[in-house]
Amino acid sequence: MSEILPPRIIAEEEERKTLRAISFGAEKWLYRPIKCLDNGFVYLADYAGSDESVTQAARVSYGKGTKKINEDRGLIRYLKRHQHTTPFEMVEFKFHCKMPIFVARQWIRHRTASVNEYSARYSEIKDEFYLPEPSALKKQDKMNKQGRNEELTDKQKHFILEVLKREYENQRKMYKAFNEIELARELARVGIAVSNYTEWYWKIDLHNLMHFLKLRLDKHAQYEIRVYAEAIARIVKNAVPLCYEAFEDYVLDSIYFSGPEVRFMQSHQIPVAEAVIRSLILVEFGNQRETEEFMEKLRKLKLVFTI
Amino acid sequence: MSEILPPRIIAEEEERKTLRAISFGAEKWLYRPIKCLDNGFVYLADYAGSDESVTQAARVSYGKGTKKINEDRGLIRYLKRHQHTTPFEMVEFKFHCKMPIFVARQWIRHRTASVNEYSARYSEIKDEFYLPEPSALKKQDKMNKQGRNEELTDKQKHFILEVLKREYENQRKMYKAFNEIELARELARVGIAVSNYTEWYWKIDLHNLMHFLKLRLDKHAQYEIRVYAEAIARIVKNAVPLCYEAFEDYVLDSIYFSGPEVRFMQSHQIPVAEAVIRSLILVEFGNQRETEEFMEKLRKLKLVFTI
Amino acid sequence: MSEILPPRIIAEEEERKTLRAISFGAEKWLYRPIKCLDNGFVYLADYAGSDESVTQAARVSYGKGTKKINEDRGLIRYLKRHQHTTPFEMVEFKFHCKMPIFVARQWIRHRTASVNEYSARYSEIKDEFYLPEPSALKKQDKMNKQGRNEELTDKQKHFILEVLKREYENQRKMYKAFNEIELARELARVGIAVSNYTEWYWKIDLHNLMHFLKLRLDKHAQYEIRVYAEAIARIVKNAVPLCYEAFEDYVLDSIYFSGPEVRFMQSHQIPVAEAVIRSLILVEFGNQRETEEFMEKLRKLKLVFTI
Amino acid sequence: MSEILPPRIIAEEEERKTLRAISFGAEKWLYRPIKCLDNGFVYLADYAGSDESVTQAARVSYGKGTKKINEDRGLIRYLKRHQHTTPFEMVEFKFHCKMPIFVARQWIRHRTASVNEYSARYSEIKDEFYLPEPSALKKQDKMNKQGRNEELTDKQKHFILEVLKREYENQRKMYKAFNEIELARELARVGIAVSNYTEWYWKIDLHNLMHFLKLRLDKHAQYEIRVYAEAIARIVKNAVPLCYEAFEDYVLDSIYFSGPEVRFMQSHQIPVAEAVIRSLILVEFGNQRETEEFMEKLRKLKLVFTI
């Protein structure tokens, strides 16, 4: 990645001045890639705005000018707590990302971003595939059908990685052979795996980015995209520290009680013994999974106790 | 595809009545798959609205009630010609589609649709890969770097197909072996090719669908997605015949002259001999590609002649 | 509103059959306006899909065919509880609405809908203004700067309504005078109030509609738009009863604890006396408003008691 | 507008440095309002990217690094000519705008922007109304029902302005009286005209901004919004000169021939005498308006002549 350089136009020290809002936290991440998985990366390629841009936008609503910085935190927290989302759209981030195709496929489902991706029709594909770390190889989760959890044996892991390496080697040879007879690139790639690396510029506003992070930092997100979400979260946390703190406090760390849960708590004594409450909930809810979700919240809030 | 049936709820003849606008052209395509490529299909799974819904929406703008049918055509053509796009958003289509992953990747770039896709995290992947027809195998286009054009020899085609078949067989074995040791499905699929088939429900309004068709019916679109666009166009043409006719007349069949081309024509005698005009254009435009594009338009309009 | 009729094309009994999914609850609301405020209305003008369309879309993700109806409820509740939002996009509603301009201005901020509005450039404005019911006239709320709460005297209410009536009469005369000298309509309306009625077709998918309802059914939404949200909610509740029930249980009736609140509960004994807890929270949170919000949740869940 | 200042955070000379792409043309417009109509303005409040950001994004598609500046122009023109729109989404602009409500209502129909608007529920409305220049007062256009064209007499203009002034004075008094009895602000404003000024932050990417400009610079757009579009175009032209030039050449200055027009030209001798061609077109097209539109294009390209 040695070719990643600041844009040409600002090469001269003299020319680096701007009148725009600056986030010093964002500046320090510009063009500094964070390695993700074996061959991927994410780096901040551009941004607009800062914590202050959010409060500035909120304040236009009530027709008042810029306030003191120490009031910004309270306002940002208020906005986030009450889901006043539009001021967070005033901050924008652009990332350059490189990731396996199957990660890109999950990522692109977030429709509110702008994307320019590497074209395997126009250019030869990259000779890079994702080979998981042995520690990332797990068995299918029996409960959560979209996940992995149990350990595989070292022998099984070795087998998987050897099969994948051989498979990738075959695909490289196939692609090379197809290129040699000048098969159209858009066809030469059809046999190539979804673990092949692609890259793109991805531009998104802070409100939509926080939604992306909420979903992709979640423990149910696939590990491989979570790695990218964590890298991006690290950058965003520095770029807009007040917004990120509010996001953690009011989104990431929050728990919510559904209507049925609220009604159950209103009509039963809480806190209560775990052994008692579970069967009660199960009877009322008639749903094992929802019962367990409810129990987990009660435990988290220390509203159940073991006798 | 024997499992494709009308929704349960309308099984009874008695219950099939609706007060909604009906498009008889759309009705006849409901649940009737059109085969696409070797293992794919598209069928219409739901819709809302008809040609009449477009004119009804346009007429709310000027506060008049429903007019006679024979005025609808003129109004729809007027709307399309003048790019009054919002009335076309009042019609909605939902398709069930099955296609190779690399086609799905181009398709999903149209962000203004709703999508629910098969999950390779949740379920085992389908044992189906795209194997091109021999006639679809072509060499890389030298001019258009995103295309194919020249013929390959039969021997080369045979070689390509044999390599792909063997490769797909390897991938099937790999996936089976990974499943046997219960590797999480979200990992078992990483070595599988982008030609593997996926499927989804895809719901989009007519305005955005026409934009999709404009781009994906284009001769520069990859052949494999064009096959799907053509199938969808066939359905849409029956479902909203007046809108589709206007789309053909004012979008698909139109040609446009750029500002520089307009200015050139204003200052030179047209029509003119091909031999003379090309060099003149090239000098003024200083761009070989743009010159050829201009020449093609002039030829199409019979505004150049050969001496 | 006598001109509201089913679309022409389905006038014949014979021709009312469709193979599409039908919602009987939606059918009964088609073309049946609900009166809103003094001169407005909302009616369902078209729709696509039903509860079943949501589960059908969800099931494509795990590659299984249609299940029994009695499993649909559980699946819809699961999707809603876990914020799997895309299947809800598969249902679409189109409403014809008439409302004051200031209501339309709040409404249009929901960007994910399709809109065709009456044009005051093209046609003469409607001679209808919103005159509030006396009971809707309230004083400015001192706490919530976006609201109203305290009662006005009958004399004050009378004064307000008389002033508004006279003002509207003036505006009618002005508009008439401007039209008589043939001032362009796009100018003749500039002095007309934001309480003047406009109308539009509004088409939106169920996911985005539930977001609209969440915000506009809220007690902090302006009363005048809440009236429309309530009318729409009534229709949606009949059209997709399982989805609406899940929306009520997991969105409308839910309460959530923020990260700071969760941490507070983890480190203090709950339930606890109201007198004790408020001052503790205030000290830790340092924010009067957030303290009151927290207290309200604890009270709602009966986790505080008065000594 | 003396309160418009650069954001607090960059007050110190030392702190104005950024590693981001800089557009010198944009920098000179930051916080420099352009007056629009009698009481409105537009100024650039933030931006991200430059011409170079567009080519950088395009180049990721074919996997090549940054090229020389003198190749950027050709690439940008190619992208625009072939409607490769996504690279233009990589540039972002944020404007602070103040305009009459009826202008805001047209503006907000562009859904792909982020907006934070002044709230008449939260704050007292501004005591400013739009009073047209006498030269802007025209009669209703008979042909184009959405426009104005013919002149009014001076006496008529004087009458209109006097009526509007008196009306605005009434509305001011009404609002004052309502505030004095503390009527909720969200109600106090219902009698206020759509010419009352509001303001907002408006953030949009370059692709969608060019679409806005195309529609709102058009001669059919209402004069009052065109004034704002022209101010924005002036800023954008300096901020991304290569993109704006391509936008002018390939969008603003282009003319297009529809399918029926193309087919007509292919089957008739062009150029041709005006007197002959009009009746021929009319017969074939059967539509007076479309005939005139076609004639205008032929005249513009000097493909008709008068005998």
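Letters are used for the chains, namely A, B, C and D, taken in the order the chains are written, and counting of residues starts over at 1 for each.
Definition applied: a residue touches a chain if its C-beta (ideal position, glycine included) is under 8 Å from a C-beta of that chain, and two chains touch if they have at least 3 such contacts.
Only a predicted model underlies this, so the values are computations on that prediction, with no experimental measurement involved.
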Intersection of contact partners for chain B and chain C: A, D
Pair exhibiting more inter-chain C-beta contacts, B-D or C-D: C-D
Between chain C and chain D, centroid-to-centroid distance (C-alpha), Å: 31
Per-residue overlap in chain A, given as positions that touch at least 2 other chains: 62, 115, 119, 122, 145
Chain-level touch network, classified as line, ring, star, complete or other: complete
Residues on chain C engaged by chain B in the complex (per definition of touch): 3, 5-10, 15-22, 24, 27, 30-31, 46-50, 52-53, 56-58, 60-66, 69, 86-87, 89-90, 92, 94, 96, 114-119, 122-124, 126, 199-201, 203, 205
Of chain A, residues touching chain B in the complex: 100-102, 104-105, 108-109, 111-112, 115, 119-122, 130, 132, 136-141, 145-148, 152, 156, 159-160, 163-164, 167-168, 170-171, 174, 177-178, 181-187, 189-196, 222
Residue ranges of chain B touching chain D (in the complex, touch as defined): 62, 74, 77-78, 81, 145, 248-250, 252-263, 265-266, 270-271, 287, 289-290, 293, 300-303
